[in-house]
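Once you scroll down, you'll see the structures, which are given as C-alpha cells.
Two complexes, one shared chain (subunit A), two partners (subunit B, subunit C).
Take a look at the complex of A and B:
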C-alpha cells in the first residue's frame, strides 16, 4: 500500500467532484463520500501493513531525499490518516448552502490533513498546513453569515501571520542545516540546531503552528470561530485540525529538537495554554464557548505530554489527543442540537433538559465525565498516563505541571458539573415553559454523536489492547530519528552549492 | 573590494532588508486596525520571509542553477532548493491574500466597517446578544408563562 494514496485520492476527488456533479446528480451526491470511504479503507490497509512490517517510506516521484520529498507512514501517522478520513465521514458537511463547494473543501481538508500526518519534510508540512488552513477558512464561512465571515477573516489574519513566522523558522532551519528532511534533521541537529539560532527557529515554528494547535498566545480565534461556524465544522476543527498542527510540533520535538530546551518551552506553553483555557471556560456563559475553551485546555495538556522526552510522553499525548478527538466533536454536536431546538446555546435554556431529552443528556454526562477523567472512562486513562509520564522526571517543572493537571481537572469538574446540574434540575415550571421538541437528540443527525459515544464506551471495554497498541505506536514514533542514514545525505551541503 | 567583503556586505543588505520587511509587516499587522492595512502588512511580512529564505541559498560568486548542456566545470551554482520553496510560498501567499480580500468584501457588506477591533467587538456583542436574547425572555417571560399556566 503506497502512503501517497490517502493524499492523492481526496485531492483528485475534490477536483473531479464539480464535474461529477454536473455529469450526473446522483453520482455527484455520493462521489465525495465514496472517495473518503476509500481513504478510510486505505488507512486500515496501511495500518495492517505498517504494524506487520514497520514504517513505510516513499520518495514521491522517485526523487530521493534531500532533493525529493519523502513520505513516511508510521503507526502514528496512519492513525491520524484514519482519524482524519473517518471523522470526515462522520461529520460530512450537510450542505447548508452549497453542497458541492463544502464537499470539495472537505476533501481538500482531508487531503491536506493526511499529508500533514504522513509528510517527513518540513516544507511539505508547511504546504499541507496551508492547504488545511485555506480549506478550513472556506468551511467556516459555509454558513455565509456575517459573523462567520468576520470570524474566518480574523482567524485567517492570525493564521497567515503565524504561517509566515513558521516559514521564517523553516528558512532558519534550512540555512543552518541545508536540509528540511526530518530524518536528516534529526541527524544533523545536535551540531547545527542546538544553539540560539535553532531555538529561535523552534520558537517561530511553535508560534506559527501553535495558531492552529490552539496554543497560547495565538488562540484568541478559537471561541470566535467555534461559535460562528456550523457545529460540524467546529467539531472537525476542534477534533482533527488542531491535533494535526500539534503533530507537527511533536515531530519537531521528536526529531530535530530532542533533548533540548525546546521541550521545556513546549511544557511551559502547554501549561499556560491549559490553565488559561480552563479558567476562561469557567467564566464563559455560552455552552459552545465553554466547549471551545475546554478544547484549548485539552490541547495544552497534550502539548505538555509531548514535551516529556521518550515514548511515555508520546503515549500520554496520543491518549489525550485521541480521547479529545472522540469526545469533543460529540459535545459540539450535542450543543448544536440543543441550540437548534431552543434557538440558543446559552446555559439558561439547558435547565431541566434531562427530563425532556434523557438520552442526549445522559450522553452529555458520560462525555463530560470522561473529559474530567472519572475511571473507568478513557479520559481517566489519558490523564493517568499523562501524570505518570510527568512524574518519571522529577524536575521542578514536571512536578509543577503535575499539580497543574490536577488543578485543571478540578476546574473542569466545576464547570461541567455546573452544566450537568442544570440539565438534571427538576423544575417543572421552567421545563414546561421551554418548548422542547420531544427527545431533541434522537433525530437523524444524532447518529454521529451516538457513534462517538459508543466509541467511548467501547474503549472502556478495550482498554488493555488499546494500551498495547498505543505503546507500540509511541515507541515507533520515538524511533523516527533512529532510521538508518539515507545514501544521498550529502548532495546538498549547508553551503548550499551543487558541484 | 574582494569577494569576502562583498559577501559580507551583501549578506548585511539582504538579511537586513528581510528583517526590515518582517518588522514593518508585523508592526502593521499588530498595530493597525484597518483591514486593508493589516493585509498589506501580511504581504510585507511574507515578502520579508521569502527574501530571507532565498538569501539562505545565495552565494555572490555563483551562477543561476540552470543546467544547460555545456556546464562549465568549477562554476558553483546558488542553491536551487530555497528558490523552489519560495515559488511555492509566493503562490500560497497570493492565494491566501486573494481569499482574505474576498472575505474583506463580504465582511464590509455585512458590518459596514473595516476596523478589526470593531469587528471583534461586533462578534463578541453578537454572541453576547445570542446569550442575552435567550436569557432575557427566560427572565422576563417567567411571570407571563406562570400566569398562563395557572
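Take a look at the complex of A and C:
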C-alpha cells in the first residue's frame, strides 16, 4: 500500500468537499466522513503491511533525495496516521457555524497531520506543519466567539514566531549539509552538524516546533486556545496536533542529533515544561484551563522521554503520548459537557455533580486516576516506562528528571483529586444549585467519551500485547535513525538515497 | 482452585455485592457472614501453610512488558491477612445493626470496607515487586476511599493522606525500577541474590526510597502527620478497622524489603557515614522516635478519636523496633504486637464510637461519669487501655515484654529507655482517656443515655475478650506469629501456651494472670467479708475540701496533666508541622509563579530570553 494515500485522499477530499456539497446535500454531509474513514482503513492496511514487511519508503514521483519528496512509513508513523484519522472521525466537527468550512479545515488538518507523520524530509515536515497550523487557526475560530478570535490571533502570532525560528533552523541545516533528507542528515551530521552551527539550528527548530508541541516557552497560547475553542477542537489539538509537532522533534533527535548535547537541551526544556504546566494547573480555577495546563505537563513528560537515546526513550515517550491522546480528549469533552449549560465556568458549578450524573463523574475519575498513574490503569505503565527510561543512565540531569516526575505526579494528584472531591461532595445547600444539571446521557457528545473511556478500560486488559507492540514499534523507530550511524552505507544505498 | 484463589474470590464477591446492594440492612448483616467465610478460608489456608511449611500461589499470572506478575501467599502475608479479615469481621458486625441508622451511605461504607480487605489481601499475596506495587497502590486508594466517604473535613484529611501516599508510592516505583535495571528481574529471589553483591551506596539508595514510601503508610516520623486526622474523621467502625491493620501494610512491605530482600545481616553491615551507626540501628532509632513523639502528642489531645489515632502511630514503632532487634524474641515480639495492637485499637475505637453514638461527641472535655450509664462500653475500653498500655493481664503486656527483654538481652539499653518512656506516655494518656470519658461525675445532658444496643456491644466485648484471652494464653497468638517468622526466615521462638521459655528465664502468663486473679480475689474477699462498707453516690464527693452540691457537676478533665505539661510543654515545637506547611506554601508560591507565567499577555518576550539562554548553553 502506498504511503502517499493517507496524505492525498483527505487533501483531495478537502478540495472536493465544497463541490460535493453543492452537487448533493446528503453526499456533502457524508463526503468528508467517508474520506476520513477510508483513511483509517488505509492506516490499518499500512499497519499490517509494515508490521509484516518492515518500513516502506516511497519517493514521490520517482525523484530520489535530495531533490525528491521522501515518505517513510514505519510503525510509529503509521500509528500516528491511524490516530490522526481515527480521532478525527471520533471528534468530527459538529458544524456549529459553517459545516463545510469546518470539515474542509479538518480534512486539511488530517492531510497535514498524516504528512507530518510520514515525511522523511525536513522541508516537507515544515510544509505539512504549516498546513496543520493554518487549518488549526481556522478551526479554533469555528465557534465565532470573541474569545476564540482573540485566542486564535494570539496563537497565530506565537506560531508565526515559532515557524520563523524553525525555518531559520532548517535553512541553517541546509546550508551546512546541503540536504534535508533525514536519513542523509543522520549520516552527514557527525561532521557537519555537531558544532555550534548545528546546535544553533537545533535550538531554533526545537523552540520553533515547540510552539505546537506545547513546549516551554512558546506555549502560553495553550490555556487560552483550549478554553476558547470548542471542546472537539481543543480535544483534537491537545490530543493529536501537539503530538505531531513532538514527532518532528523526535525525528530530529533520533537522526541528525543523536548522541549530542541536543538531547540534554530537550530534556531540560521538557522538564521546565512539565513542571510549569503542572504547577500552573494547581493554581488554575477553571476545569478546561486545568486540563490545558495538565496537557502541557504531559507533553513535557513525553519530551523528557524522547530525550533518552535508544528504544527505551521512544517507547516511554510513545506510551505517554498514546495514553494522553486517549485520555485528554475525553476529559475535554466531559468538561465541555458539564460546563456548556452554564455561563460561568467556575469550579463551583461542579460541586456535587456526581449525584446528578454518576456515570460521567465515574468516567472522569477513571481517566483522572489513569493520568495520575494508578496501576493497573494504562497511565501507570506509561509512567513506569518513563521512569525506567530516565533511570537507564544515572546522570545528574536524569536523576533530577526522575525527581521531577515524582513531584509532578504528586501535584497532579492534588488537583485532580481536588476536582474529584468536588464532584462527589454531598452538601445540602450546594445541591439546590444543581437544578440545571442532568446526566450527560448517551446523546451524541457522550459517544466519543464512552469510546475513549472504553479504550482505557480495554488497555488494562490488553496491557501485555500493547507492551509488545510498543516495543516493536520503538525498535523500528530507532532503526530509522540509529542504523545509518552504524551501518550507514548499505542501508542508505539499498533505499536508493545516495547516488 | 486452591485456597488462595478461593480467598480472593470470596473477597472479590464480598466487594461486588457490597457495592451493589450494601444499602440494604440485611445485606449489611450478610457481610458479617461473608467475612466469616473469608476468615474460615484463611484459617484453612493457614493450616495448610503450617503443614507444608511453604507458600500458596494464585492460579492466575500475567506477564506485562517482560515482567511476570505472580501472587503468592507465605506465612508472613497470611499472618497479616488473617488479622485484616478478623478486623473487618468485627467492624462490619458493629456497623451492621443500629449504628447504621444515621449513616449517609451504607453502600459506600460496606463497599469501601470490603474493597480495603480485597486490596490488602492482594498486597499481602504479592509474589514479586511489581505485584507488590500494584497491591500497594490499591491499598492506598482503597484507604483513601474509606477515609474520604464522609466528605468535608474527612475528605480534606484524606486528600492530605493521598498526597503523602502518592509521593511515597512514586519513591517506591523509582526504587523498583532501579532494582529492575540492576537485577534484570522483579522476582524476589532474583532481587535478593542480586542485592548480595550490590555496592552499599546502591542498597542505601534503594532502601531509603522504599523506606520513605513504606514509612508513609506506617506513619513513621517524619511522615506521620496525615494519619491521626484521617483516621479520626473516618466513620467509627471503619476507623477501628483502619487503626487496627491498615498501617501495618507498611510494616509488611518494609519487612519484605528489609528482612527478605536486603536481609538483617546486610543491614548490620551497612555503616552510616560519619557515625558509629549501621543501617539497622538507624531503623531502630527511627522506630524509637516514632514511639516517643506521637505518643506524647497523643497525651495533649482532647479528642478521644485523635488521641487513639496518635497512639496508633506510636505503637507501630514498637513493632518495627522489635523486628530490628533481629533476635528471635525481638521479631516475635514485634510481630505479636501487630496482632495484639490490632485487637487493642479495634476495641478502643469501637468503645469510643459507642460513646460517640450515644453522646454525639468524642470531646474529652465534654464527657465524664458515663460508667453508670454505659458499663459494658466501660469494660471494653478498660480492657483495651490495659492492653494498649502494655500491662498484665492483657495481651499488650506479652508483646511489649518480649520487645523489652530482647532489647536488654541484645545490649540496647538506650532503645529500651526510649521504649519505656513511650510506655509511660501511653499509660498517662490512656488513663486520661478512660478517666475523662467514664469516670468522674456524669454531666447533666447525659443523664438519660443508655448502653449501646447489643449489635454494637457484643462485637466490642468479643474483641475485648480476645485481648484478655490472648494475654492469658499468648501461645494462641504465637502460633500464628511463628508461621510468619518461619516465612521471614528468622529462627522460631521457643514458646508455650502460657508464654516463652529462654535460658535467662521466661514468661508464663498462665501463672501471672492466675496470681493476679487470685490476689484480686483475696482483696475482694477482704472487702466483702470485712467491715460494713458505705456506698457513695457518684455525685457525692468533695474537691479540695469543698463539698459540691449535686447541681454543680464537677469533673476535672480540661487541661489534664497541667503540671506535667508545665515541665514538658516547651518540648513541643511542632517542627514537622512547620516543615509541612513550609513545603506546602513553597508549592503554592511556585504554582502562582507558573500560573502567572502563562497568564502574561506579552508572552513572546520569553522567546528571545530562552533562545539566548539555550544558545549559550549549547555553545558552552
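Operating definition for what follows: the second predicted complex is superposed on the first by the 474 of 499 C-alpha atoms of A that agree within 3 Å, B and C clash if a C-alpha of one lies under 4 Å from a C-alpha of the other, contacts with A are read in each partner's own complex, and residues count from 1 in each chain.
We take it that a contact is a pair of C-beta atoms (placed from the backbone, for glycine too) under 8 Å apart; a residue touches a chain by one contact, two chains touch by 3 or more.
This is a predicted model, so every value here is computed, not measured.
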- [ ] Based on the superposed arrangement, let me know which partner A:372 touches: subunit B (first), subunit C (second), both, or neither?
- [x] second
- [ ] May I ask you to decide whether A:286 touches subunit B, subunit C, both, or neither, giving the answer as first, second, both or neither?
- [x] first
Open item on the list: Is A:298 touching anything from subunit B or subunit C once the two structures are fitted on A? First, second, both or neither.
Closed with: neither
Open item on the list: For A:161 in the superposed arrangement: first (subunit B), second (subunit C), both or neither?
Closed with: both
TODO: Considering only touches as defined above, state whether A:171 meets subunit B (first), subunit C (second), both or neither.
DONE: first
Task: First, second, both or neither for A:187, with subunit B first and subunit C second - done: neither
TODO: Figure out whether A:405 sits in contact with subunit B (first) or subunit C (second), or with both, or with neither.
DONE: second
Task: First, second, both or neither for A:152, with subunit B first and subunit C second - done: first
Open item on the list: If I apply the document's touch criterion, which positions on subunit A are contacted by subunit B in one structure and by subunit C in the other?
Closed with: 157, 161, 165
Task: Footprint of subunit B on subunit A - complex, ascending - done: 66-67, 123, 126-127, 130, 133-134, 137-138, 141, 145-147, 149-154, 156-157, 160-161, 163-165, 167-168, 170-171, 174-175, 178, 180, 224, 227-228, 285-286, 289, 342-346, 348-349, 429, 432-434, 492, 495-499
TODO: Mind listing the subunit A positions that touch subunit C in their complex?
DONE: 157-158, 161, 165, 196, 199-200, 202-204, 206-207, 216-223, 261-262, 265, 268-269, 275-277, 279-280, 282-284, 293, 369, 372, 374-376, 380-381, 383-385, 387-388, 391-392, 402, 405-406, 409-411, 413-414, 417-418, 421, 424-427, 463-464, 467, 471
Task: Contacting residues of subunit C [partner subunit A, same complex] - done: 62-66, 104, 133-134, 137-138, 141, 148, 151, 155, 159, 162-163, 166-167, 170-171, 173-174, 177-178, 180-181, 587-588, 590-595, 597-598, 600, 603-604, 606-607, 609-611, 614-615, 617-619
- [ ] Within their complex, state which residues of subunit B touch subunit A.
- [x] 22, 25-26, 29, 35, 38-39, 42, 45-46, 48-49, 52-53, 55-57, 59, 62, 65, 76-82, 85, 88-89, 92, 95-96, 99-100, 103-104, 106-107, 109-111, 116, 119-120, 122-123, 126-127, 130-131, 133-135, 138-139, 141-142, 145-146, 149
